[in-house]
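Labels run A, B, C and D following the written order; every chain starts at residue 1.
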Amino acid sequence: MIDKQVLSVSEAVADIPEGATVMVGGFGASGSPIELLHALIDQGVKNLTVINNNTGNGEVGLAALIGNGQVRKMICSFPRSSQSKVFPQLYKEGKIELELVPQGTLAERIRAAGAGIPAFYTPTTVGTVLAEGKEVREFDGRDHVMEPWLKADYALIKCEVADPLGNLTYNKTARNFGPIMCMAATTTIVQTKKLVARGEIDPEHVITPGIFVNRIVEVPDPVHEDTLIAAGRRFP
Amino acid sequence: MSAGWTREQMAARAAQDIPDGACVNLGIGIPELVAGFVPEGREFIYHTENGLLGMGPPPAENERDLDLMNAGKKYVTAVPGAAYFHHADSFSMIRGGHIDVCVLGTMQVAANGDIANWSTGAPGAIPAVGGAMDLVQGVKRIYVITQHTTRNGDPKLVERCSYPLTGPGVVSRIYTDLAVVDVTDDGFRVVELAPGVDFEEVKNKTGASILPSD
Amino acid sequence: MIDKQVLSVSEAVADIPEGATVMVGGFGASGSPIELLHALIDQGVKNLTVINNNTGNGEVGLAALIGNGQVRKMICSFPRSSQSKVFPQLYKEGKIELELVPQGTLAERIRAAGAGIPAFYTPTTVGTVLAEGKEVREFDGRDHVMEPWLKADYALIKCEVADPLGNLTYNKTARNFGPIMCMAATTTIVQTKKLVARGEIDPEHVITPGIFVNRIVEVPDPVHEDTLIAAGRRFP
Amino acid sequence: MSAGWTREQMAARAAQDIPDGACVNLGIGIPELVAGFVPEGREFIYHTENGLLGMGPPPAENERDLDLMNAGKKYVTAVPGAAYFHHADSFSMIRGGHIDVCVLGTMQVAANGDIANWSTGAPGAIPAVGGAMDLVQGVKRIYVITQHTTRNGDPKLVERCSYPLTGPGVVSRIYTDLAVVDVTDDGFRVVELAPGVDFEEVKNKTGASILPSD
């Protein structure tokens, strides 16, 4: 019987190597796989390229991974917010690289990677500095830029319910980048609030089919970034 | 007593131009206030680009769901008839032209409809674009709500944007504290003046030529 | 209050004009919107371009629409099957046009139309006669062909449950092309087995959000193509 | 008594090469039989391109669900742990390289891995491709099950396909009634002979040069 469960977050992230490209799910605090991120900090691998919409908040989760010097480059759409201090500081010091991608283009590039589409055209960024150096082409009388797919070696995703085959559901807007990042990574690692038996998720309600998932670890009471920050916590 | 519209009045005026049944995406700041001024007999459906159609008002603090946020990362609610979806589907709605109206704040808007609202382009600033460039290219009608001038009195309605563009030629209409202004083939044209404001004042505070209403 | 319900299938399809491009949901018999198709036959509009994976079966539904001389051109991946007689006959007589598109490319072109992507690259058809005349380009050392989006004026879709906002769920593999065709048509017309009040569909289980739907008509006991054919029925 | 493998034996032999846990797409005809010969201790997950992962065996006639079909438009079932999805997502699984093995029938397969299984190219024939071209380009390993020759005795394993290609250089391994044959950089190579079949027979019935097993 297929069973993708692994028993701990540390086991789940143990093989992520130096220099890997890692997608991290979540939009701001919602959907951020804090336990997997902290396990990656404990694991200690460096020189990562991380793909996330943002750059983390406070000094926990993704911000802590960055603050711990493990990230060489961020690919994201919005690298600063009122609660993000770590990335802005390192960026100003020239200690971390940034590839800025508009949010919809980021999502579509990730989806394209999962769907076997090496490139596509979008009107987003036409006529702006973010289109510089990109191929521009007219379709139906309107300019579009060509964008390439965006793949990763690993994805770290948080979901609500999973089964041993890797079928997933999410909770509300914590869904965000989860389903497309699961598709785009060679190895997708998921922390789930609840692991249920095969067949307990209605096949009509599966959001991520198990084919896109490699490892599942149950984290029954996941911490939430906002709660940690409000409590003044930092990691490690 | 200063003449002109308050932030709330600007939002209420913009709401008047949104048709019944419209799918609407509201930017951060004054645009968010539009939801409080839906005209009698109309219903708008709110889209938030992080994956929710049918966004409702903010919850009471003790009723927050930590997994239910909007694109501005504030806690929100979902109305009956809402739907959740992932980011690629959400931006398909935007890029694919399915959202009827987007109301945005801005730093500058030009007489040809160019908008600059994502970056000052200052050296050393950390660029952050989010979904702004997708919204201005994809949504059917782009409305802007903004003070007519900056705090320093510099015009925000200009001949040509000096800040880096978010998108070229995309803005339809602008709601300021002084007037409602359309972007037309002939440049800016006043549609309506705020109470106590005359065309001369609007003209003087606009950084481009502007036409009076017909 | 937004309410997209219309009261009859004839009202739902009344305005489809001469020469329109119409997407028709369904894969073979499953998901085929038979009642909407029959209403379109009663309506009588001609010169249609129809997009469907197949060309209908027997002499009901899509096959009947074709047989009634209303379709100028079919865009599909598999225009013949053991039970399809109408299209093959007309095609051999030169009375109907065919644009053959591989099934995955057909799905992706439809999805691209809904997503505002005017063109994309795919490895499908590379090195075959179906790539003739198409732009070929190399990405990551492998050839790909460029494919354009595929839009429609109308989509005729069958679903399982709908609410007045146009949120939809489907039944099993009858889902097939429904969600992407809803996205790709200017006007999407849906027949639903069950129309429920707003809020009765769990927001986590919505497959097609209402933003993609324009008209809903309740057809509580839809006929099934296979049942009609087994009973020897024909339409009109 | 004719030597060689039956249709069932060909399918069973192919099943031996599919690893535990594989996601598998089975073509129409002999490939469908593979599902009846899953080796002890292994589990395969079946994908059908019309939108189901976790396809189960055909239902009893009185338990048919008219909305539950496979890509061959036959009624099927869904196993516990199945998932439904739309066509674009289904072909993302295929094109995106997420399906491990596809087992197909064929008209011809060439020594360089070219496959022709969708059209004879005959004038007047109605072309119908379905998902064949997506499958051969997208799935990680393409296996072919086929009789070694046509009913007329013409070889189906050939130097170069005379029928229009489904895809160039995509086939890994071929299971015929006479042998298991790999497509290698040196062309066809026999991996295993069916009982009662010798290499000379395979060679004589193959339309291209073919190497014996090591």
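Methods note: a residue touches a chain if its C-beta (ideal position, glycine included) is under 8 Å from a C-beta of that chain, and two chains touch if they have at least 3 such contacts.
Just so it is clear, the model here is predicted, and its values are computed rather than measured.
Simply put, of A-B and A-D, more C-beta pairs touch at A-B.
With each centre defined as the average position of its C-alpha atoms, the distance from chain C to chain D rounds to 29 Å. Computed centre separation for the pair chain B/chain C is 36 angstrom, with centres defined by C-alpha atoms. In chain D, the positions touching at least two other chains are 52, 78, 84-85, 88, 91, 94-95, 138. Shown for chain C are the residues that touch two or more other chains, namely 108, 111, 115-117, 122-123, 170-172, 203-204. Applying the touch definition to all chain combinations yields A-B, A-C, A-D, B-C, C-D.
Residue ranges on chain A touching chain C, taken from their complex, read 108, 112, 115-123, 139-140, 142, 144, 148, 169-172, 203-205. Within the complex formed with chain A, the chain D residues making contact are 20-21, 23, 43, 45, 47, 52-54, 78, 80-85, 88-89, 91-99, 138. The residues of chain B lying in touch with chain A in their complex are 48-52, 65-70, 73, 78, 84-88, 90-91, 94-95, 121, 124, 126-134, 137-138, 164-169.
Those residues of chain C that touch chain D in the shared complex are 27-31, 53, 77-81, 88, 91-92, 98, 100, 102-108, 110-111, 122-130, 170-180, 207, 224, 226-227. Across the complex, chain D is touched by residues 1-2, 111, 113-117, 163-165, 167, 183, 198-199, 201, 203-204, 206, 209-212 of chain A.
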